[in-house]
Amino acid sequence: MTRLNHRFSGLAGSLVLAAGLVITAQAAAAEDAVAAGKKLAFDRKKGNCLACHHIEGGSLMGNIAPPLVAMKSRFPDKAKLRTQIFDPTKANPRSIMPPFGKHRILSDKEIDLVTEFIYSL
Amino acid sequence: MKKLIMTLGLALLIAGCNATTPSKPMSLKEQYEAKLAATQAAVEKAASVEGEWRDIRWKKSKKKYLPSAIKAAEAGDYEKALKLLDIAEFQAKMGYQQAMAEKNAGPHLYGM
Amino acid sequence: MKKIVTLLLSAGLVATATQAFSSPQEDLQKFRTYFEQKFPGMKLDDFGNGSYALDESKRIQWESMEEFPPYDEFVDKGREIWEKPFKNGKSFASCFGSDPSKVRVKYPHWDSKTQQVVTLEGDINKCLKENGEKPFGWKKGPIAWLSAFFGYEARGQKINVKIPNDPKALEAYEHGRHFFYAKRGQLNMACADCHVKYPGHFIRGNLLSTALGQTTHFPVYRAKWAKKSKDGDGMGTLHRRYGGCNKQVRARPFKAQSKVYRDLEFFHQYMSNGLTINAPGYRE
(Lines give C-alpha, C1' and ligand atoms only; values in the text may rest on other atoms or scores of the structure.)
Protein backbone atom coordinates (compact mmCIF):
# COMPACT_ATOMS: atom_id res chain seq x y z
CA MET A 1 0.00 0.00 0.00
CA THR A 2 2.70 2.40 0.98
CA ARG A 3 4.58 1.29 -2.01
CA LEU A 4 1.57 1.85 -4.18
CA ASN A 5 1.02 5.26 -2.68
CA HIS A 6 4.57 6.12 -3.28
CA ARG A 7 4.31 5.00 -6.85
CA PHE A 8 1.14 6.96 -7.36
CA SER A 9 2.56 10.16 -6.00
CA GLY A 10 5.58 9.60 -8.21
CA LEU A 11 3.33 9.33 -11.23
CA ALA A 12 1.28 12.37 -10.21
CA GLY A 13 4.49 14.27 -9.72
CA SER A 14 5.71 13.56 -13.21
CA LEU A 15 2.31 14.40 -14.65
CA VAL A 16 2.35 17.75 -12.92
CA LEU A 17 5.87 18.31 -14.11
CA ALA A 18 4.96 17.42 -17.69
CA ALA A 19 1.91 19.69 -17.64
CA GLY A 20 4.05 22.46 -16.24
CA LEU A 21 6.52 22.05 -19.04
CA VAL A 22 3.79 22.26 -21.65
CA ILE A 23 2.41 25.42 -20.10
CA THR A 24 5.88 26.99 -19.89
CA ALA A 25 6.53 26.05 -23.48
CA GLN A 26 3.29 27.66 -24.56
CA ALA A 27 4.02 30.79 -22.57
CA ALA A 28 7.47 30.94 -24.07
CA ALA A 29 6.04 30.63 -27.58
CA ALA A 30 3.56 33.43 -26.88
CA GLU A 31 6.38 35.56 -25.52
CA ASP A 32 8.42 34.84 -28.63
CA ALA A 33 5.49 35.88 -30.81
CA VAL A 34 5.12 39.14 -28.90
CA ALA A 35 8.85 39.84 -29.19
CA ALA A 36 8.86 39.01 -32.90
CA GLY A 37 5.77 41.14 -33.39
CA LYS A 38 7.41 44.04 -31.61
CA LYS A 39 10.42 43.82 -33.88
CA LEU A 40 8.15 43.98 -36.94
CA ALA A 41 6.07 46.80 -35.47
CA PHE A 42 9.16 48.93 -34.79
CA ASP A 43 10.88 48.15 -38.12
CA ARG A 44 10.58 51.15 -40.45
CA LYS A 45 10.45 48.92 -43.51
CA LYS A 46 7.84 46.58 -42.03
CA GLY A 47 5.07 47.72 -39.70
CA ASN A 48 6.56 51.13 -38.94
CA CYS A 49 3.75 51.59 -36.42
CA LEU A 50 5.76 54.30 -34.64
CA ALA A 51 5.42 56.57 -37.67
CA CYS A 52 1.93 57.39 -36.42
CA HIS A 53 1.37 55.67 -33.06
CA HIS A 54 2.88 56.07 -29.62
CA ILE A 55 4.07 52.74 -28.26
CA GLU A 56 5.82 52.36 -24.93
CA GLY A 57 9.56 51.96 -25.50
CA GLY A 58 9.60 53.59 -28.93
CA SER A 59 11.43 56.71 -30.05
CA LEU A 60 10.70 59.41 -32.65
CA MET A 61 7.03 58.56 -32.55
CA GLY A 62 4.32 60.22 -34.57
CA ASN A 63 1.02 61.43 -33.16
CA ILE A 64 -1.33 61.06 -36.10
CA ALA A 65 -3.06 58.03 -34.65
CA PRO A 66 -4.15 57.04 -31.14
CA PRO A 67 -1.46 55.76 -28.75
CA LEU A 68 -1.42 51.98 -28.59
CA VAL A 69 -2.34 51.34 -24.97
CA ALA A 70 -4.97 49.24 -23.18
CA MET A 71 -5.55 47.33 -26.38
CA LYS A 72 -7.41 44.46 -24.71
CA SER A 73 -10.12 46.82 -23.52
CA ARG A 74 -10.29 48.60 -26.88
CA PHE A 75 -10.30 45.33 -28.83
CA PRO A 76 -11.71 42.62 -26.58
CA ASP A 77 -11.88 40.45 -29.69
CA LYS A 78 -8.36 39.84 -30.95
CA ALA A 79 -9.71 38.94 -34.40
CA LYS A 80 -11.14 42.45 -34.74
CA LEU A 81 -7.75 43.94 -33.94
CA ARG A 82 -6.22 41.72 -36.60
CA THR A 83 -8.82 42.89 -39.11
CA GLN A 84 -8.03 46.51 -38.29
CA ILE A 85 -4.35 45.88 -39.04
CA PHE A 86 -5.14 43.76 -42.10
CA ASP A 87 -7.45 46.32 -43.70
CA PRO A 88 -8.36 49.49 -41.81
CA THR A 89 -10.35 50.76 -44.80
CA LYS A 90 -13.04 48.23 -43.85
CA ALA A 91 -13.89 50.26 -40.77
CA ASN A 92 -13.19 53.62 -42.43
CA PRO A 93 -12.61 53.87 -46.19
CA ARG A 94 -10.68 57.13 -45.81
CA SER A 95 -8.42 55.93 -43.00
CA ILE A 96 -4.82 57.04 -43.48
CA MET A 97 -3.62 53.75 -42.00
CA PRO A 98 -2.10 51.46 -44.64
CA PRO A 99 -3.94 48.19 -45.32
CA PHE A 100 -1.06 45.97 -44.22
CA GLY A 101 -2.67 42.68 -45.22
CA LYS A 102 -4.86 43.68 -48.12
CA HIS A 103 -1.91 45.32 -49.89
CA ARG A 104 0.55 42.66 -48.66
CA ILE A 105 2.80 45.15 -46.94
CA LEU A 106 3.18 42.38 -44.37
CA SER A 107 2.62 38.65 -44.82
CA ASP A 108 -0.21 36.83 -43.02
CA LYS A 109 2.30 35.36 -40.57
CA GLU A 110 3.78 38.80 -39.90
CA ILE A 111 0.32 40.23 -39.27
CA ASP A 112 -0.35 37.45 -36.76
CA LEU A 113 2.84 38.37 -34.91
CA VAL A 114 2.15 42.12 -34.96
CA THR A 115 -1.38 41.42 -33.70
CA GLU A 116 0.05 39.41 -30.79
CA PHE A 117 2.35 42.28 -29.90
CA ILE A 118 -0.24 45.05 -30.18
CA TYR A 119 -2.74 42.95 -28.25
CA SER A 120 -0.21 42.65 -25.41
CA LEU A 121 -0.02 46.43 -24.98
CA MET B 1 17.78 13.63 -86.33
CA LYS B 2 15.68 16.08 -88.28
CA LYS B 3 13.22 13.31 -89.01
CA LEU B 4 13.03 12.42 -85.34
CA ILE B 5 12.20 15.99 -84.39
CA MET B 6 9.57 16.15 -87.07
CA THR B 7 8.02 12.92 -85.91
CA LEU B 8 8.09 14.09 -82.34
CA GLY B 9 6.57 17.37 -83.39
CA LEU B 10 3.87 15.57 -85.30
CA ALA B 11 3.20 13.32 -82.32
CA LEU B 12 2.90 16.34 -80.06
CA LEU B 13 0.62 18.03 -82.53
CA ILE B 14 -1.63 15.01 -82.67
CA ALA B 15 -1.60 14.73 -78.88
CA GLY B 16 -2.41 18.40 -78.66
CA CYS B 17 -5.32 18.10 -81.07
CA ASN B 18 -6.75 15.05 -79.47
CA ALA B 19 -9.11 16.43 -76.85
CA THR B 20 -9.58 13.13 -75.05
CA THR B 21 -5.89 12.81 -74.22
CA PRO B 22 -5.12 14.65 -70.95
CA SER B 23 -3.09 17.71 -71.93
CA LYS B 24 0.54 17.73 -71.00
CA PRO B 25 1.19 19.95 -67.94
CA MET B 26 2.79 23.26 -68.82
CA SER B 27 6.52 23.40 -68.37
CA LEU B 28 7.88 26.01 -65.99
CA LYS B 29 9.04 28.01 -68.97
CA GLU B 30 5.57 27.99 -70.49
CA GLN B 31 4.03 28.92 -67.17
CA TYR B 32 6.49 31.76 -66.92
CA GLU B 33 5.72 33.02 -70.40
CA ALA B 34 1.98 33.00 -69.79
CA LYS B 35 2.37 34.67 -66.43
CA LEU B 36 4.72 37.29 -67.83
CA ALA B 37 2.20 38.29 -70.49
CA ALA B 38 -0.59 38.47 -67.93
CA THR B 39 1.55 40.54 -65.57
CA GLN B 40 2.66 42.95 -68.26
CA ALA B 41 -0.94 43.50 -69.27
CA ALA B 42 -1.95 44.09 -65.65
CA VAL B 43 0.87 46.61 -65.19
CA GLU B 44 -0.11 48.55 -68.29
CA LYS B 45 -3.69 48.58 -67.11
CA ALA B 46 -2.69 49.99 -63.71
CA ALA B 47 -0.45 52.58 -65.36
CA SER B 48 -3.27 53.65 -67.69
CA VAL B 49 -5.26 54.85 -64.67
CA GLU B 50 -2.23 56.40 -62.88
CA GLY B 51 -2.34 53.57 -60.37
CA GLU B 52 1.06 51.92 -60.73
CA TRP B 53 2.92 51.15 -57.51
CA ARG B 54 6.57 51.91 -56.82
CA ASP B 55 8.19 48.51 -56.81
CA ILE B 56 6.78 46.91 -59.94
CA ARG B 57 9.24 48.24 -62.53
CA TRP B 58 10.31 51.79 -61.67
CA LYS B 59 14.02 52.06 -62.42
CA LYS B 60 14.98 53.48 -59.02
CA SER B 61 13.05 50.89 -57.02
CA LYS B 62 15.29 48.49 -55.11
CA LYS B 63 12.87 45.64 -55.77
CA LYS B 64 11.66 46.07 -59.37
CA TYR B 65 9.69 42.82 -59.30
CA LEU B 66 8.94 42.67 -63.02
CA PRO B 67 12.44 43.31 -64.41
CA SER B 68 13.89 41.10 -61.66
CA ALA B 69 11.58 38.28 -62.77
CA ILE B 70 12.72 38.64 -66.36
CA LYS B 71 16.33 38.56 -65.21
CA ALA B 72 15.73 35.42 -63.16
CA ALA B 73 14.10 33.73 -66.15
CA GLU B 74 16.99 34.69 -68.37
CA ALA B 75 19.29 32.98 -65.87
CA GLY B 76 17.07 29.91 -66.10
CA ASP B 77 15.50 30.22 -62.65
CA TYR B 78 11.84 30.03 -63.62
CA GLU B 79 10.67 29.21 -60.13
CA LYS B 80 12.11 32.43 -58.79
CA ALA B 81 10.78 34.31 -61.80
CA LEU B 82 7.26 33.01 -61.19
CA LYS B 83 7.41 34.03 -57.54
CA LEU B 84 8.45 37.56 -58.47
CA LEU B 85 5.78 37.77 -61.15
CA ASP B 86 3.20 36.76 -58.57
CA ILE B 87 4.09 39.84 -56.54
CA ALA B 88 4.24 42.13 -59.57
CA GLU B 89 0.89 40.93 -60.88
CA PHE B 90 -0.75 41.25 -57.47
CA GLN B 91 0.56 44.79 -57.04
CA ALA B 92 -0.54 45.79 -60.52
CA LYS B 93 -4.04 44.44 -59.97
CA MET B 94 -4.33 46.12 -56.58
CA GLY B 95 -3.05 49.40 -58.01
CA TYR B 96 -5.75 49.28 -60.66
CA GLN B 97 -8.41 48.32 -58.14
CA GLN B 98 -7.30 51.16 -55.87
CA ALA B 99 -7.46 53.71 -58.68
CA MET B 100 -10.96 52.53 -59.56
CA ALA B 101 -12.07 52.79 -55.94
CA GLU B 102 -10.64 56.33 -55.84
CA LYS B 103 -12.14 57.36 -59.15
CA ASN B 104 -14.36 59.98 -57.55
CA ALA B 105 -11.98 61.01 -54.79
CA GLY B 106 -11.92 64.57 -53.60
CA PRO B 107 -12.35 67.35 -52.75
CA HIS B 108 -13.01 66.22 -49.22
CA LEU B 109 -12.22 68.57 -46.41
CA TYR B 110 -12.31 66.42 -43.35
CA GLY B 111 -15.04 67.34 -40.93
CA MET B 112 -16.36 70.14 -43.14
CA MET C 1 -40.35 49.71 -59.33
CA LYS C 2 -37.53 49.45 -61.82
CA LYS C 3 -38.33 52.93 -63.00
CA ILE C 4 -38.06 54.33 -59.51
CA VAL C 5 -34.72 52.65 -59.00
CA THR C 6 -33.43 54.04 -62.27
CA LEU C 7 -34.72 57.45 -61.35
CA LEU C 8 -33.06 57.32 -57.96
CA LEU C 9 -29.84 56.11 -59.50
CA SER C 10 -29.72 58.84 -62.07
CA ALA C 11 -30.53 61.40 -59.39
CA GLY C 12 -27.59 60.06 -57.42
CA LEU C 13 -25.35 60.31 -60.45
CA VAL C 14 -26.43 63.86 -61.09
CA ALA C 15 -25.63 64.73 -57.50
CA THR C 16 -22.13 63.26 -57.80
CA ALA C 17 -21.56 65.05 -61.06
CA THR C 18 -22.54 68.41 -59.61
CA GLN C 19 -20.25 67.81 -56.68
CA ALA C 20 -17.34 67.03 -59.00
CA PHE C 21 -17.92 70.25 -60.89
CA SER C 22 -17.60 72.61 -57.96
CA SER C 23 -15.86 75.65 -59.38
CA PRO C 24 -12.23 76.44 -58.61
CA GLN C 25 -13.40 79.59 -56.81
CA GLU C 26 -15.68 77.55 -54.55
CA ASP C 27 -12.91 75.02 -53.91
CA LEU C 28 -10.48 77.77 -52.99
CA GLN C 29 -12.91 79.40 -50.59
CA LYS C 30 -13.68 76.13 -48.79
CA PHE C 31 -10.04 75.08 -48.75
CA ARG C 32 -8.92 78.29 -47.12
CA THR C 33 -11.77 78.38 -44.61
CA TYR C 34 -10.92 74.82 -43.62
CA PHE C 35 -7.34 75.75 -42.77
CA GLU C 36 -8.27 78.99 -41.08
CA GLN C 37 -10.64 77.07 -38.83
CA LYS C 38 -8.09 74.36 -38.18
CA PHE C 39 -5.44 76.89 -37.17
CA PRO C 40 -7.40 79.78 -35.70
CA GLY C 41 -5.56 83.07 -35.46
CA MET C 42 -2.81 82.12 -37.87
CA LYS C 43 -2.04 84.81 -40.43
CA LEU C 44 -2.66 83.80 -44.03
CA ASP C 45 0.94 84.34 -45.09
CA ASP C 46 2.20 82.27 -42.21
CA PHE C 47 0.84 79.18 -43.96
CA GLY C 48 3.63 79.73 -46.47
CA ASN C 49 6.13 78.98 -43.70
CA GLY C 50 5.03 75.37 -43.57
CA SER C 51 5.64 73.40 -40.44
CA TYR C 52 7.69 76.27 -38.97
CA ALA C 53 4.49 78.19 -38.46
CA LEU C 54 3.09 75.30 -36.45
CA ASP C 55 5.84 74.55 -33.98
CA GLU C 56 7.63 77.14 -31.84
CA SER C 57 10.92 75.33 -31.32
CA LYS C 58 11.22 74.44 -35.00
CA ARG C 59 10.47 78.03 -35.84
CA ILE C 60 13.30 79.35 -33.71
CA GLN C 61 15.80 76.98 -35.38
CA TRP C 62 14.49 77.92 -38.79
CA GLU C 63 14.69 81.64 -38.13
CA SER C 64 18.33 81.36 -37.12
CA MET C 65 18.96 79.35 -40.29
CA GLU C 66 17.34 82.11 -42.32
CA GLU C 67 19.92 84.63 -41.05
CA PHE C 68 22.54 83.07 -43.33
CA PRO C 69 20.36 81.03 -45.63
CA PRO C 70 22.07 78.13 -47.41
CA TYR C 71 20.12 78.90 -50.60
CA ASP C 72 21.75 82.33 -51.07
CA GLU C 73 24.64 81.00 -53.14
CA PHE C 74 22.16 79.26 -55.45
CA VAL C 75 20.11 82.39 -55.94
CA ASP C 76 23.39 84.02 -56.99
CA LYS C 77 24.12 81.16 -59.36
CA GLY C 78 20.63 81.61 -60.79
CA ARG C 79 21.32 85.30 -61.32
CA GLU C 80 24.51 84.41 -63.22
CA ILE C 81 22.52 82.07 -65.46
CA TRP C 82 19.98 84.83 -66.05
CA GLU C 83 22.67 87.31 -67.03
CA LYS C 84 24.84 85.03 -69.12
CA PRO C 85 24.11 85.38 -72.86
CA PHE C 86 23.39 82.32 -75.01
CA LYS C 87 25.76 81.38 -77.84
CA ASN C 88 23.45 83.22 -80.24
CA GLY C 89 23.90 86.43 -78.25
CA LYS C 90 20.39 86.47 -76.79
CA SER C 91 19.60 85.62 -73.17
CA PHE C 92 16.71 84.44 -71.00
CA ALA C 93 15.37 88.00 -71.12
CA SER C 94 14.43 87.33 -74.75
CA CYS C 95 11.90 84.79 -73.47
CA PHE C 96 10.87 86.19 -70.09
CA GLY C 97 11.15 89.96 -70.53
CA SER C 98 13.80 92.18 -69.07
CA ASP C 99 12.45 92.34 -65.52
CA PRO C 100 13.15 89.09 -63.65
CA SER C 101 10.85 90.09 -60.79
CA LYS C 102 7.82 89.79 -63.06
CA VAL C 103 8.36 86.19 -64.09
CA ARG C 104 7.42 83.91 -61.23
CA VAL C 105 3.96 85.32 -60.69
CA LYS C 106 2.90 84.33 -64.21
CA TYR C 107 3.29 80.61 -63.50
CA PRO C 108 1.77 78.13 -63.76
CA HIS C 109 -0.71 79.21 -66.39
CA TRP C 110 -3.06 77.72 -68.93
CA ASP C 111 -1.90 77.99 -72.51
CA SER C 112 -4.97 78.08 -74.72
CA LYS C 113 -2.94 77.45 -77.87
CA THR C 114 -1.29 74.22 -76.78
CA GLN C 115 -4.19 73.37 -74.43
CA GLN C 116 -1.96 72.56 -71.51
CA VAL C 117 -0.57 73.83 -68.23
CA VAL C 118 2.71 75.69 -68.65
CA THR C 119 5.14 75.84 -65.74
CA LEU C 120 8.10 78.10 -65.06
CA GLU C 121 10.53 75.21 -65.36
CA GLY C 122 8.87 74.13 -68.61
CA ASP C 123 9.38 77.58 -70.09
CA ILE C 124 13.00 77.74 -68.90
CA ASN C 125 13.87 74.66 -70.92
CA LYS C 126 11.69 75.77 -73.82
CA CYS C 127 13.67 78.99 -73.95
CA LEU C 128 16.95 77.10 -73.98
CA LYS C 129 15.82 74.80 -76.77
CA GLU C 130 14.48 77.63 -78.89
CA ASN C 131 17.85 79.32 -78.64
CA GLY C 132 19.82 76.25 -79.58
CA GLU C 133 21.03 75.60 -76.04
CA LYS C 134 21.01 72.29 -74.23
CA PRO C 135 18.03 72.09 -71.83
CA PHE C 136 18.65 71.67 -68.07
CA GLY C 137 17.78 68.57 -66.06
CA TRP C 138 14.26 68.91 -64.65
CA LYS C 139 14.58 68.46 -60.91
CA LYS C 140 17.76 69.99 -59.52
CA GLY C 141 20.85 71.95 -60.42
CA PRO C 142 20.70 74.95 -62.82
CA ILE C 143 16.92 74.74 -63.36
CA ALA C 144 16.34 75.00 -59.61
CA TRP C 145 18.89 77.82 -59.28
CA LEU C 146 17.32 79.93 -62.00
CA SER C 147 13.83 79.20 -60.69
CA ALA C 148 15.03 80.13 -57.19
CA PHE C 149 16.36 83.41 -58.56
CA PHE C 150 12.99 84.20 -60.15
CA GLY C 151 11.29 83.32 -56.87
CA TYR C 152 13.67 85.49 -54.88
CA GLU C 153 13.11 88.44 -57.21
CA ALA C 154 9.34 87.97 -56.84
CA ARG C 155 9.35 87.88 -53.04
CA GLY C 156 6.53 89.89 -51.61
CA GLN C 157 4.23 89.44 -54.60
CA LYS C 158 1.21 87.21 -54.31
CA ILE C 159 0.51 83.88 -55.97
CA ASN C 160 -2.11 84.55 -58.59
CA VAL C 161 -2.92 81.51 -60.70
CA LYS C 162 -5.81 81.99 -63.11
CA ILE C 163 -8.04 79.13 -64.16
CA PRO C 164 -9.79 80.31 -67.33
CA ASN C 165 -13.34 79.25 -67.99
CA ASP C 166 -12.24 76.88 -70.72
CA PRO C 167 -13.45 73.27 -70.48
CA LYS C 168 -9.97 71.93 -71.17
CA ALA C 169 -8.41 74.15 -68.50
CA LEU C 170 -11.05 73.05 -66.00
CA GLU C 171 -10.37 69.46 -66.96
CA ALA C 172 -6.66 69.94 -66.19
CA TYR C 173 -7.54 71.60 -62.88
CA GLU C 174 -9.89 68.77 -61.96
CA HIS C 175 -7.30 66.21 -62.95
CA GLY C 176 -4.83 67.86 -60.56
CA ARG C 177 -7.44 68.09 -57.85
CA HIS C 178 -8.34 64.44 -58.22
CA PHE C 179 -4.68 63.45 -58.06
CA PHE C 180 -4.33 65.42 -54.83
CA TYR C 181 -7.28 63.72 -53.13
CA ALA C 182 -6.94 60.14 -54.44
CA LYS C 183 -5.22 57.51 -52.36
CA ARG C 184 -2.37 55.84 -54.14
CA GLY C 185 0.56 53.48 -53.70
CA GLN C 186 0.93 50.39 -51.59
CA LEU C 187 0.54 52.50 -48.46
CA ASN C 188 -2.79 53.83 -49.75
CA MET C 189 -2.31 57.51 -48.95
CA ALA C 190 -3.43 60.68 -50.68
CA CYS C 191 -1.60 64.02 -50.62
CA ALA C 192 -4.64 65.32 -48.75
CA ASP C 193 -4.43 62.61 -46.08
CA CYS C 194 -1.22 64.10 -44.69
CA HIS C 195 -1.45 67.73 -45.75
CA VAL C 196 -5.15 68.47 -45.33
CA LYS C 197 -6.25 66.08 -42.63
CA TYR C 198 -3.14 65.88 -40.44
CA PRO C 199 -0.97 69.01 -40.79
CA GLY C 200 0.43 69.97 -37.40
CA HIS C 201 0.81 66.30 -36.48
CA PHE C 202 4.05 64.39 -36.45
CA ILE C 203 4.82 61.49 -38.73
CA ARG C 204 7.88 60.00 -37.04
CA GLY C 205 10.00 63.09 -36.32
CA ASN C 206 8.56 65.14 -39.17
CA LEU C 207 5.92 67.76 -38.64
CA LEU C 208 3.38 67.69 -41.47
CA SER C 209 2.82 71.00 -43.25
CA THR C 210 -0.44 72.45 -44.51
CA ALA C 211 -1.24 72.06 -48.20
CA LEU C 212 -2.20 75.73 -48.09
CA GLY C 213 1.00 77.69 -48.69
CA GLN C 214 3.10 74.74 -49.79
CA THR C 215 3.97 76.22 -53.16
CA THR C 216 4.96 79.73 -52.08
CA HIS C 217 8.52 78.75 -51.15
CA PHE C 218 9.45 76.55 -54.12
CA PRO C 219 12.01 75.80 -55.38
CA VAL C 220 13.36 74.84 -52.03
CA TYR C 221 16.64 74.18 -50.29
CA ARG C 222 16.18 70.94 -48.41
CA ALA C 223 18.81 69.86 -45.92
CA LYS C 224 17.92 66.27 -46.77
CA TRP C 225 18.85 66.89 -50.41
CA ALA C 226 22.25 68.26 -49.43
CA LYS C 227 23.39 65.30 -47.35
CA LYS C 228 24.66 63.05 -50.13
CA SER C 229 26.42 64.44 -53.17
CA LYS C 230 24.45 62.17 -55.49
CA ASP C 231 21.30 63.98 -54.35
CA GLY C 232 22.71 67.31 -55.46
CA ASP C 233 23.34 70.53 -53.57
CA GLY C 234 20.07 70.78 -51.65
CA MET C 235 18.07 72.69 -54.24
CA GLY C 236 15.07 71.09 -55.86
CA THR C 237 11.92 71.93 -57.78
CA LEU C 238 8.31 71.39 -56.82
CA HIS C 239 8.05 68.39 -59.12
CA ARG C 240 11.07 66.82 -57.50
CA ARG C 241 9.22 67.05 -54.21
CA TYR C 242 6.06 65.56 -55.72
CA GLY C 243 8.10 62.58 -56.85
CA GLY C 244 9.56 62.16 -53.36
CA CYS C 245 6.12 62.19 -51.76
CA ASN C 246 4.72 59.65 -54.21
CA LYS C 247 7.71 57.40 -53.67
CA GLN C 248 7.20 57.50 -49.92
CA VAL C 249 3.67 56.15 -50.19
CA ARG C 250 5.11 53.49 -52.51
CA ALA C 251 3.47 54.76 -55.66
CA ARG C 252 5.52 54.98 -58.82
CA PRO C 253 6.54 58.64 -59.13
CA PHE C 254 5.66 60.42 -62.35
CA LYS C 255 8.26 62.24 -64.36
CA ALA C 256 8.94 65.85 -63.46
CA GLN C 257 6.95 68.06 -65.86
CA SER C 258 4.71 65.18 -66.90
CA LYS C 259 1.10 66.16 -67.57
CA VAL C 260 0.07 64.65 -64.23
CA TYR C 261 2.44 66.80 -62.20
CA ARG C 262 1.75 69.95 -64.24
CA ASP C 263 -1.97 69.51 -63.65
CA LEU C 264 -1.29 68.85 -59.97
CA GLU C 265 0.76 72.04 -59.79
CA PHE C 266 -2.07 73.96 -61.47
CA PHE C 267 -4.48 72.93 -58.71
CA HIS C 268 -1.93 73.05 -55.89
CA GLN C 269 -0.61 76.54 -56.67
CA TYR C 270 -4.11 77.86 -57.30
CA MET C 271 -5.10 76.77 -53.79
CA SER C 272 -2.43 79.16 -52.45
CA ASN C 273 -3.62 82.15 -54.43
CA GLY C 274 -3.31 85.34 -52.43
CA LEU C 275 -0.39 84.08 -50.37
CA THR C 276 2.93 85.90 -50.56
CA ILE C 277 5.74 84.34 -52.56
CA ASN C 278 8.69 83.61 -50.26
CA ALA C 279 10.81 81.43 -52.51
CA PRO C 280 13.27 79.92 -52.20
CA GLY C 281 12.60 78.42 -48.81
CA TYR C 282 14.68 76.39 -46.42
CA ARG C 283 13.30 73.06 -45.27
CA GLU C 284 14.68 70.18 -43.23
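For clarity, chains are labelled A, B and C in written order, and residue numbers in each chain start from 1.
The rule we apply is simple: a contact is a pair of C-beta atoms (placed from the backbone, for glycine too) under 8 Å apart; a residue touches a chain by one contact, two chains touch by 3 or more.
Since we're looking at a predicted model, the values are computed, not measured.
A.B. asks: Graph of touching chains, which shape: line, ring, star, complete, other?
C.D. replies: The chain contacts form a complete graph, every chain touching every other.
A.B. asks: In terms of C-beta pairs in contact, which two chains are most connected?
C.D. replies: B-C
A.B. asks: Distance from the CA centroid of subunit A to that of subunit B, rounded to the nearest Å?
C.D. replies: Each chain's C-alpha centroid was found; their separation is 35 Å.
A.B. asks: I'd like the Å distance between the centres of subunit A and subunit C, where a centre is the mean of that chain's Cα atoms.
C.D. replies: Result: the chain centres lie 43 Å from each other.
A.B. asks: Residues of subunit C that touch two or more other chains: which are they?
C.D. replies: 186, 188, 197 - these are the residues of subunit C that touch more than one other chain.
A.B. asks: Provide the list of subunit B residues touching at least two other chains, using ranges where the numbers run on.
C.D. replies: 91, 94, 108, 110
A.B. asks: So which bits of subunit A are touching at least two other chains?
C.D. replies: 94, 103
A.B. asks: Report the residues of subunit C in contact with subunit B in the complex, numbered from low to high.
C.D. replies: The contact residues of subunit C facing subunit B are 16, 20, 22, 27, 30-31, 33-34, 37, 177-186, 188, 190, 192, 196-197, 246-247, 250-254, 260.
A.B. asks: Help me check something: in the complex, which residues belonging to subunit A touch subunit B?
C.D. replies: Interface residues on subunit A, with respect to subunit B: 94, 102-104.
A.B. asks: Tell me, which parts of subunit A touch subunit C in their complex?
C.D. replies: 50-52, 60-64, 89, 94, 96, 98-99, 103, 105
A.B. asks: Enumerate the contact residues on subunit B facing subunit C in the complex.
C.D. replies: 47, 50-58, 60-61, 91, 94, 98-99, 101-102, 104-110, 112
A.B. asks: Which positions of subunit B touch subunit A when the two form their complex?
C.D. replies: Within the complex, subunit B touches subunit A at residues 87, 90-91, 94, 108, 110.
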